[in-house]
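Naming follows writing order (A, B, C, D, E and F), and every chain is counted from residue 1.
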Amino acid sequence: METKEIYLESLITATPQEGRELAIKLARKSIAAIQPDSDIRKNLRSDYAQDTAQLIASSLVIATEFHTIAMANNYWK
Amino acid sequence: METKEIYLESLITATPQEGRELAIKLARKSIAAIQPDSDIRKNLRSDYAQDTAQLIASSLVIATEFHTIAMANNYWK
Amino acid sequence: METKEIYLESLITATPQEGRELAIKLARKSIAAIQPDSDIRKNLRSDYAQDTAQLIASSLVIATEFHTIAMANNYWK
Amino acid sequence: METKEIYLESLITATPQEGRELAIKLARKSIAAIQPDSDIRKNLRSDYAQDTAQLIASSLVIATEFHTIAMANNYWK
Amino acid sequence: METKEIYLESLITATPQEGRELAIKLARKSIAAIQPDSDIRKNLRSDYAQDTAQLIASSLVIATEFHTIAMANNYWK
Amino acid sequence: METKEIYLESLITATPQEGRELAIKLARKSIAAIQPDSDIRKNLRSDYAQDTAQLIASSLVIATEFHTIAMANNYWK
(Lines give C-alpha, C1' and ligand atoms only; values in the text may rest on other atoms or scores of the structure.)
Protein backbone atom coordinates (compact mmCIF):
# COMPACT_ATOMS: atom_id res chain seq x y z
CA MET A 1 0.00 0.00 0.00
CA GLU A 2 2.70 2.47 1.05
CA THR A 3 5.42 3.27 -1.44
CA LYS A 4 8.71 1.78 -0.36
CA GLU A 5 10.50 5.09 -0.86
CA ILE A 6 12.97 5.87 1.95
CA TYR A 7 12.10 9.43 2.98
CA LEU A 8 13.63 9.49 6.45
CA GLU A 9 17.32 8.61 6.59
CA SER A 10 18.00 10.45 9.85
CA LEU A 11 16.40 12.82 12.35
CA ILE A 12 19.66 14.77 12.62
CA THR A 13 19.80 18.07 10.74
CA ALA A 14 22.54 20.71 10.48
CA THR A 15 20.36 23.62 11.61
CA PRO A 16 17.02 24.34 13.35
CA GLN A 17 15.71 25.68 10.03
CA GLU A 18 16.41 22.31 8.40
CA GLY A 19 14.65 20.72 11.35
CA ARG A 20 11.52 22.72 10.49
CA GLU A 21 11.77 21.61 6.88
CA LEU A 22 12.08 17.98 7.95
CA ALA A 23 9.02 18.37 10.20
CA ILE A 24 6.99 19.68 7.26
CA LYS A 25 8.25 16.82 5.10
CA LEU A 26 7.28 14.19 7.68
CA ALA A 27 3.80 15.69 8.01
CA ARG A 28 3.37 15.50 4.24
CA LYS A 29 4.65 11.94 4.03
CA SER A 30 2.06 10.83 6.58
CA ILE A 31 -0.69 12.19 4.37
CA ALA A 32 0.86 10.37 1.41
CA ALA A 33 1.01 7.10 3.36
CA ILE A 34 -2.75 7.22 3.98
CA GLN A 35 -3.71 8.65 0.57
CA PRO A 36 -1.10 7.26 -1.84
CA ASP A 37 -2.74 8.68 -4.99
CA SER A 38 -0.82 11.87 -5.77
CA ASP A 39 -3.50 13.20 -8.13
CA ILE A 40 -6.14 12.95 -5.40
CA ARG A 41 -3.71 14.63 -2.97
CA LYS A 42 -3.14 17.47 -5.44
CA ASN A 43 -6.89 18.03 -5.74
CA LEU A 44 -7.36 17.89 -1.98
CA ARG A 45 -4.55 20.40 -1.46
CA SER A 46 -6.63 23.32 -2.73
CA ASP A 47 -9.24 22.40 -0.11
CA TYR A 48 -7.14 22.64 2.99
CA ALA A 49 -4.83 25.44 1.85
CA GLN A 50 -7.78 27.83 1.96
CA ASP A 51 -9.42 26.45 5.09
CA THR A 52 -7.95 28.05 8.18
CA ALA A 53 -9.10 25.30 10.55
CA GLN A 54 -7.16 22.77 8.48
CA LEU A 55 -4.14 25.04 8.17
CA ILE A 56 -4.07 25.32 11.96
CA ALA A 57 -4.46 21.56 12.37
CA SER A 58 -1.59 21.02 9.94
CA SER A 59 0.59 23.39 11.94
CA LEU A 60 -0.09 21.29 15.06
CA VAL A 61 1.22 18.23 13.21
CA ILE A 62 4.34 20.18 12.20
CA ALA A 63 4.84 21.35 15.82
CA THR A 64 4.57 17.76 17.04
CA GLU A 65 7.01 16.38 14.46
CA PHE A 66 9.41 19.27 15.16
CA HIS A 67 9.35 18.51 18.89
CA THR A 68 10.73 15.03 18.17
CA ILE A 69 13.31 16.36 15.73
CA ALA A 70 14.45 19.10 18.14
CA MET A 71 14.95 16.54 20.92
CA ALA A 72 16.91 14.27 18.55
CA ASN A 73 19.24 17.18 17.79
CA ASN A 74 19.55 18.21 21.45
CA TYR A 75 17.93 21.49 20.34
CA TRP A 76 20.99 22.27 18.15
CA LYS A 77 22.81 23.55 21.23
CA MET B 1 -13.68 -7.69 21.72
CA GLU B 2 -10.11 -7.02 20.58
CA THR B 3 -8.38 -9.66 18.56
CA LYS B 4 -5.59 -11.30 20.53
CA GLU B 5 -3.14 -10.82 17.66
CA ILE B 6 0.31 -9.67 18.85
CA TYR B 7 1.09 -6.69 16.63
CA LEU B 8 3.72 -4.97 18.76
CA GLU B 9 6.70 -7.15 19.69
CA SER B 10 9.08 -4.24 20.25
CA LEU B 11 9.39 -0.47 19.84
CA ILE B 12 12.98 -0.87 18.59
CA THR B 13 13.48 -0.55 14.84
CA ALA B 14 16.64 -0.70 12.71
CA THR B 15 16.12 2.67 11.02
CA PRO B 16 14.08 5.90 11.37
CA GLN B 17 12.15 4.91 8.25
CA GLU B 18 11.08 1.65 9.93
CA GLY B 19 10.09 3.78 12.91
CA ARG B 20 7.72 5.75 10.67
CA GLU B 21 6.25 2.52 9.36
CA LEU B 22 5.71 1.23 12.89
CA ALA B 23 4.01 4.51 13.84
CA ILE B 24 1.59 4.13 10.93
CA LYS B 25 0.96 0.50 11.91
CA LEU B 26 0.19 1.42 15.52
CA ALA B 27 -2.21 4.15 14.40
CA ARG B 28 -4.04 1.61 12.22
CA LYS B 29 -4.17 -1.01 14.96
CA SER B 30 -5.84 1.49 17.29
CA ILE B 31 -8.61 1.98 14.75
CA ALA B 32 -8.94 -1.79 14.44
CA ALA B 33 -9.17 -2.18 18.23
CA ILE B 34 -12.17 0.16 18.36
CA GLN B 35 -13.78 -1.03 15.10
CA PRO B 36 -12.86 -4.72 14.85
CA ASP B 37 -14.99 -5.40 11.74
CA SER B 38 -12.55 -5.23 8.81
CA ASP B 39 -15.33 -4.88 6.22
CA ILE B 40 -16.69 -1.79 7.97
CA ARG B 41 -13.14 -0.42 8.22
CA LYS B 42 -12.62 -0.98 4.48
CA ASN B 43 -15.81 0.94 3.72
CA LEU B 44 -14.87 3.75 6.10
CA ARG B 45 -11.43 4.04 4.55
CA SER B 46 -12.75 5.69 1.39
CA ASP B 47 -14.35 8.35 3.63
CA TYR B 48 -11.29 9.59 5.39
CA ALA B 49 -8.80 9.10 2.56
CA GLN B 50 -10.53 11.88 0.64
CA ASP B 51 -11.27 14.16 3.59
CA THR B 52 -8.33 16.43 4.27
CA ALA B 53 -9.36 17.23 7.84
CA GLN B 54 -9.26 13.52 8.65
CA LEU B 55 -6.01 13.00 6.79
CA ILE B 56 -4.46 15.76 8.88
CA ALA B 57 -5.89 14.30 12.10
CA SER B 58 -4.45 10.89 11.14
CA SER B 59 -1.04 12.47 10.59
CA LEU B 60 -1.19 13.90 14.13
CA VAL B 61 -1.73 10.38 15.47
CA ILE B 62 1.25 9.15 13.44
CA ALA B 63 3.40 12.04 14.75
CA THR B 64 2.44 11.18 18.33
CA GLU B 65 3.17 7.45 17.93
CA PHE B 66 6.45 8.27 16.18
CA HIS B 67 7.52 10.52 19.05
CA THR B 68 7.31 7.54 21.42
CA ILE B 69 9.10 5.24 18.99
CA ALA B 70 11.87 7.80 18.34
CA MET B 71 12.49 8.18 22.08
CA ALA B 72 12.57 4.38 22.50
CA ASN B 73 15.27 4.21 19.84
CA ASN B 74 17.22 7.16 21.29
CA TYR B 75 16.50 8.85 17.94
CA TRP B 76 18.63 6.23 16.11
CA LYS B 77 21.76 8.16 17.04
CA MET C 1 -20.14 10.20 40.63
CA GLU C 2 -17.24 8.02 39.54
CA THR C 3 -17.35 4.37 40.43
CA LYS C 4 -14.72 3.52 43.01
CA GLU C 5 -13.46 0.59 40.97
CA ILE C 6 -9.65 0.32 40.93
CA TYR C 7 -8.79 -0.08 37.24
CA LEU C 8 -5.16 1.02 37.30
CA GLU C 9 -2.93 -0.91 39.71
CA SER C 10 0.31 -0.18 37.85
CA LEU C 11 1.66 1.33 34.63
CA ILE C 12 4.19 -1.51 34.35
CA THR C 13 3.37 -4.22 31.80
CA ALA C 14 5.28 -7.33 30.75
CA THR C 15 5.32 -6.51 27.03
CA PRO C 16 4.74 -3.60 24.62
CA GLN C 17 1.59 -5.35 23.42
CA GLU C 18 0.20 -5.35 26.96
CA GLY C 19 1.13 -1.67 27.08
CA ARG C 20 -1.11 -1.05 24.05
CA GLU C 21 -3.93 -2.92 25.74
CA LEU C 22 -3.52 -0.85 28.89
CA ALA C 23 -3.57 2.35 26.80
CA ILE C 24 -6.88 1.30 25.24
CA LYS C 25 -8.26 0.41 28.68
CA LEU C 26 -7.30 3.81 30.12
CA ALA C 27 -8.92 5.61 27.18
CA ARG C 28 -12.13 3.67 27.78
CA LYS C 29 -12.10 4.28 31.52
CA SER C 30 -11.89 8.04 30.91
CA ILE C 31 -15.06 7.87 28.85
CA ALA C 32 -16.70 5.86 31.62
CA ALA C 33 -15.65 8.43 34.23
CA ILE C 34 -17.44 11.19 32.34
CA GLN C 35 -20.44 9.10 31.21
CA PRO C 36 -20.92 6.54 34.02
CA ASP C 37 -24.14 5.06 32.57
CA SER C 38 -23.04 1.90 30.75
CA ASP C 39 -26.29 1.63 28.78
CA ILE C 40 -25.82 5.11 27.36
CA ARG C 41 -22.19 4.26 26.58
CA LYS C 42 -23.28 1.10 24.73
CA ASN C 43 -25.71 3.12 22.63
CA LEU C 44 -23.11 5.79 21.90
CA ARG C 45 -20.57 3.15 20.88
CA SER C 46 -22.34 2.45 17.58
CA ASP C 47 -22.04 6.18 16.79
CA TYR C 48 -18.33 6.55 17.01
CA ALA C 49 -17.34 3.11 15.77
CA GLN C 50 -18.63 4.03 12.33
CA ASP C 51 -17.46 7.64 12.30
CA THR C 52 -13.90 7.84 11.03
CA ALA C 53 -13.24 11.28 12.54
CA GLN C 54 -14.07 9.87 15.97
CA LEU C 55 -12.09 6.70 15.38
CA ILE C 56 -9.08 8.84 14.53
CA ALA C 57 -9.61 11.04 17.61
CA SER C 58 -9.82 7.91 19.76
CA SER C 59 -6.56 6.67 18.32
CA LEU C 60 -4.92 9.96 19.36
CA VAL C 61 -6.05 9.34 22.93
CA ILE C 62 -4.59 5.82 22.79
CA ALA C 63 -1.30 7.18 21.38
CA THR C 64 -1.11 9.72 24.22
CA GLU C 65 -1.84 7.16 26.95
CA PHE C 66 0.63 4.74 25.37
CA HIS C 67 3.35 7.39 25.40
CA THR C 68 3.06 7.62 29.19
CA ILE C 69 2.98 3.84 29.59
CA ALA C 70 6.00 3.35 27.29
CA MET C 71 8.02 5.87 29.31
CA ALA C 72 7.00 4.16 32.57
CA ASN C 73 8.33 0.87 31.19
CA ASN C 74 11.52 2.45 29.83
CA TYR C 75 10.21 1.34 26.40
CA TRP C 76 10.53 -2.34 27.44
CA LYS C 77 14.24 -2.20 26.60
CA MET D 1 -12.84 35.93 37.69
CA GLU D 2 -11.45 32.59 38.86
CA THR D 3 -12.46 31.38 42.28
CA LYS D 4 -9.53 31.46 44.66
CA GLU D 5 -10.16 27.89 45.79
CA ILE D 6 -6.93 25.86 46.13
CA TYR D 7 -7.66 22.65 44.23
CA LEU D 8 -4.12 21.47 43.55
CA GLU D 9 -1.94 21.08 46.63
CA SER D 10 0.44 18.57 45.05
CA LEU D 11 0.94 16.43 41.95
CA ILE D 12 2.10 13.52 44.11
CA THR D 13 -0.43 10.74 44.66
CA ALA D 14 -0.17 7.46 46.55
CA THR D 15 -1.24 5.25 43.64
CA PRO D 16 -1.67 5.35 39.84
CA GLN D 17 -5.43 5.14 40.38
CA GLU D 18 -5.34 8.31 42.46
CA GLY D 19 -3.27 9.84 39.68
CA ARG D 20 -6.13 9.14 37.24
CA GLU D 21 -8.58 10.72 39.64
CA LEU D 22 -6.39 13.81 39.95
CA ALA D 23 -6.15 14.03 36.14
CA ILE D 24 -9.96 14.01 35.87
CA LYS D 25 -10.19 16.64 38.60
CA LEU D 26 -7.71 18.94 36.86
CA ALA D 27 -9.59 18.60 33.56
CA ARG D 28 -12.82 19.59 35.33
CA LYS D 29 -11.21 22.52 37.14
CA SER D 30 -10.02 23.93 33.81
CA ILE D 31 -13.60 23.96 32.55
CA ALA D 32 -14.67 25.68 35.78
CA ALA D 33 -11.95 28.32 35.38
CA ILE D 34 -13.29 29.30 31.97
CA GLN D 35 -17.00 28.90 32.79
CA PRO D 36 -17.24 29.77 36.53
CA ASP D 37 -21.06 29.56 36.67
CA SER D 38 -21.81 26.11 38.11
CA ASP D 39 -25.45 26.18 36.98
CA ILE D 40 -24.41 26.75 33.38
CA ARG D 41 -21.81 23.97 33.71
CA LYS D 42 -24.47 21.59 35.05
CA ASN D 43 -26.70 22.34 32.06
CA LEU D 44 -23.82 21.95 29.62
CA ARG D 45 -22.85 18.62 31.18
CA SER D 46 -25.83 16.81 29.66
CA ASP D 47 -24.64 18.04 26.24
CA TYR D 48 -21.20 16.56 26.21
CA ALA D 49 -21.92 13.42 28.24
CA GLN D 50 -24.00 12.14 25.34
CA ASP D 51 -21.81 13.39 22.52
CA THR D 52 -19.11 10.87 21.72
CA ALA D 53 -16.85 13.39 19.96
CA GLN D 54 -16.77 15.48 23.13
CA LEU D 55 -16.31 12.45 25.37
CA ILE D 56 -13.29 11.49 23.28
CA ALA D 57 -11.91 15.05 23.39
CA SER D 58 -12.34 15.03 27.17
CA SER D 59 -10.43 11.79 27.42
CA LEU D 60 -7.54 13.42 25.51
CA VAL D 61 -7.42 16.15 28.14
CA ILE D 62 -7.36 13.51 30.90
CA ALA D 63 -4.56 11.62 29.10
CA THR D 64 -2.52 14.83 28.84
CA GLU D 65 -3.00 15.79 32.50
CA PHE D 66 -2.22 12.20 33.54
CA HIS D 67 1.03 12.25 31.58
CA THR D 68 2.23 15.19 33.71
CA ILE D 69 1.07 13.54 36.94
CA ALA D 70 2.69 10.21 36.03
CA MET D 71 6.01 11.93 35.36
CA ALA D 72 5.76 13.83 38.66
CA ASN D 73 5.33 10.51 40.48
CA ASN D 74 8.13 8.80 38.52
CA TYR D 75 5.39 6.47 37.25
CA TRP D 76 4.83 5.16 40.81
CA LYS D 77 7.80 2.81 40.37
CA MET E 1 0.73 43.53 15.88
CA GLU E 2 1.26 41.96 19.33
CA THR E 3 1.27 44.25 22.32
CA LYS E 4 4.74 44.53 23.79
CA GLU E 5 3.46 43.80 27.29
CA ILE E 6 5.71 41.41 29.24
CA TYR E 7 3.33 38.76 30.58
CA LEU E 8 5.78 35.92 31.24
CA GLU E 9 8.68 36.83 33.52
CA SER E 10 9.35 33.26 34.64
CA LEU E 11 7.95 29.73 34.45
CA ILE E 12 8.79 29.17 38.12
CA THR E 13 5.88 29.36 40.56
CA ALA E 14 5.72 28.87 44.32
CA THR E 15 2.99 26.20 44.25
CA PRO E 16 1.28 23.80 41.81
CA GLN E 17 -1.87 25.90 42.16
CA GLU E 18 0.00 28.96 40.93
CA GLY E 19 1.29 26.79 38.10
CA ARG E 20 -2.33 26.13 37.04
CA GLU E 21 -3.06 29.83 37.15
CA LEU E 22 -0.04 30.57 35.00
CA ALA E 23 -1.14 27.89 32.50
CA ILE E 24 -4.56 29.56 32.21
CA LYS E 25 -2.91 32.95 31.80
CA LEU E 26 -0.63 31.70 29.01
CA ALA E 27 -3.58 30.14 27.18
CA ARG E 28 -5.41 33.47 27.33
CA LYS E 29 -2.40 35.48 26.20
CA SER E 30 -2.11 33.28 23.10
CA ILE E 31 -5.68 34.16 22.16
CA ALA E 32 -4.88 37.83 22.73
CA ALA E 33 -1.78 37.60 20.52
CA ILE E 34 -3.87 36.36 17.59
CA GLN E 35 -6.92 38.57 18.27
CA PRO E 36 -5.49 41.75 19.84
CA ASP E 37 -8.82 43.62 19.94
CA SER E 38 -10.09 43.21 23.51
CA ASP E 39 -13.65 44.23 22.62
CA ILE E 40 -13.88 41.50 20.00
CA ARG E 41 -12.40 39.02 22.52
CA LYS E 42 -15.03 40.03 25.10
CA ASN E 43 -17.81 39.42 22.58
CA LEU E 44 -16.32 36.08 21.52
CA ARG E 45 -16.00 34.98 25.14
CA SER E 46 -19.75 34.44 25.52
CA ASP E 47 -19.55 32.10 22.51
CA TYR E 48 -17.04 29.62 23.80
CA ALA E 49 -17.96 29.78 27.49
CA GLN E 50 -21.26 28.09 26.66
CA ASP E 51 -19.96 25.69 24.04
CA THR E 52 -18.74 22.49 25.65
CA ALA E 53 -16.59 21.46 22.67
CA GLN E 54 -14.67 24.73 22.97
CA LEU E 55 -14.44 24.50 26.74
CA ILE E 56 -12.89 21.05 26.35
CA ALA E 57 -10.48 22.31 23.67
CA SER E 58 -9.48 25.17 25.97
CA SER E 59 -8.79 22.71 28.77
CA LEU E 60 -6.44 20.80 26.43
CA VAL E 61 -4.48 24.01 25.89
CA ILE E 62 -4.29 24.54 29.66
CA ALA E 63 -3.12 20.93 30.17
CA THR E 64 -0.39 21.40 27.55
CA GLU E 65 0.83 24.71 29.02
CA PHE E 66 0.73 23.19 32.52
CA HIS E 67 2.86 20.25 31.42
CA THR E 68 5.65 22.67 30.45
CA ILE E 69 5.28 24.66 33.68
CA ALA E 70 5.26 21.51 35.83
CA MET E 71 8.48 20.29 34.20
CA ALA E 72 10.09 23.72 34.70
CA ASN E 73 9.29 23.48 38.41
CA ASN E 74 10.45 19.87 38.69
CA TYR E 75 6.83 19.10 39.63
CA TRP E 76 7.21 21.19 42.83
CA LYS E 77 8.88 18.20 44.53
CA MET F 1 7.15 25.56 -2.91
CA GLU F 2 8.38 26.89 0.45
CA THR F 3 10.20 30.19 0.49
CA LYS F 4 13.85 29.69 1.30
CA GLU F 5 13.77 32.40 3.97
CA ILE F 6 15.67 31.41 7.15
CA TYR F 7 13.21 32.16 9.96
CA LEU F 8 14.65 29.94 12.69
CA GLU F 9 18.31 30.59 13.51
CA SER F 10 18.13 29.19 17.04
CA LEU F 11 15.68 27.92 19.65
CA ILE F 12 17.57 29.80 22.38
CA THR F 13 15.99 33.03 23.60
CA ALA F 14 17.06 35.49 26.29
CA THR F 15 13.78 35.40 28.23
CA PRO F 16 10.60 33.30 28.56
CA GLN F 17 8.68 36.17 27.00
CA GLU F 18 10.87 35.96 23.90
CA GLY F 19 10.25 32.23 23.93
CA ARG F 20 6.50 32.91 23.67
CA GLU F 21 7.11 35.26 20.77
CA LEU F 22 9.21 32.64 18.99
CA ALA F 23 6.45 30.06 19.53
CA ILE F 24 3.92 32.39 17.90
CA LYS F 25 6.32 33.04 15.04
CA LEU F 26 6.87 29.32 14.42
CA ALA F 27 3.11 28.69 14.40
CA ARG F 28 2.68 31.44 11.79
CA LYS F 29 5.54 30.18 9.65
CA SER F 30 3.94 26.73 9.49
CA ILE F 31 0.78 28.28 8.07
CA ALA F 32 2.90 30.18 5.55
CA ALA F 33 4.70 27.00 4.51
CA ILE F 34 1.40 25.34 3.60
CA GLN F 35 -0.28 28.44 2.16
CA PRO F 36 2.58 30.49 0.66
CA ASP F 37 0.33 33.17 -0.89
CA SER F 38 0.40 36.08 1.58
CA ASP F 39 -2.68 37.74 0.07
CA ILE F 40 -4.74 34.60 0.62
CA ARG F 41 -3.36 34.33 4.17
CA LYS F 42 -4.36 37.96 4.86
CA ASN F 43 -7.90 37.24 3.68
CA LEU F 44 -8.09 34.05 5.72
CA ARG F 45 -6.86 35.85 8.83
CA SER F 46 -10.15 37.68 9.33
CA ASP F 47 -11.85 34.25 9.35
CA TYR F 48 -10.01 32.64 12.20
CA ALA F 49 -9.41 35.76 14.30
CA GLN F 50 -13.14 35.94 14.97
CA ASP F 51 -13.77 32.22 15.31
CA THR F 52 -13.16 31.08 18.88
CA ALA F 53 -12.71 27.41 17.97
CA GLN F 54 -9.86 28.37 15.64
CA LEU F 55 -8.36 30.78 18.15
CA ILE F 56 -8.28 27.96 20.69
CA ALA F 57 -6.76 25.55 18.16
CA SER F 58 -4.10 28.15 17.35
CA SER F 59 -3.28 28.51 21.03
CA LEU F 60 -2.71 24.74 21.21
CA VAL F 61 -0.15 25.04 18.42
CA ILE F 62 1.56 27.87 20.31
CA ALA F 63 1.58 25.80 23.52
CA THR F 64 3.15 22.87 21.66
CA GLU F 65 5.85 25.00 20.00
CA PHE F 66 6.54 26.74 23.34
CA HIS F 67 7.02 23.38 25.07
CA THR F 68 9.90 22.59 22.69
CA ILE F 69 11.40 26.07 23.08
CA ALA F 70 11.14 25.95 26.88
CA MET F 71 12.94 22.60 26.97
CA ALA F 72 15.66 23.94 24.64
CA ASN F 73 16.24 26.82 27.08
CA ASN F 74 16.16 24.56 30.14
CA TYR F 75 13.10 26.60 31.18
CA TRP F 76 15.28 29.75 31.51
CA LYS F 77 16.36 28.57 34.97
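Keep in mind that, in the parts below, contacts are C-beta pairs under 8 Å (C-beta built on N, C-alpha and C of every residue); 3 or more make two chains touch, one makes a residue touch a chain.
Remember, predicted model here, so these are calculated numbers, not experimental data.
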Chain of greatest Cα-centre distance to chain D: A
Centre-to-centre distance between chain C and chain B (centres being mean Cα positions), rounded to whole Å: 16
Approximate Å spacing (C-alpha centroids) for the pair chain A, chain E: 27
Inter-centroid spacing, chain F versus chain C (mean Cα positions, whole Å): 31
Residues of chain E whose C-beta touches two or more other chains: 48, 53, 57-58, 60, 64, 67, 71
Round-the-ring chain order [start: chain B; next: chain C]: B, C, D, E, F, A
Residues on chain A engaged by chain B in the complex (per definition of touch): 2, 6-12, 26-27, 29-31, 33-35, 40, 44-45, 47-48, 51, 53-54, 57-58, 60-61, 64-65, 67-68, 71-72
Chain E contact footprint on chain F (complex, rising order): 15-17, 19-21, 24, 48-50, 52-53, 55-60, 62-64, 66-67, 70-71, 75-77
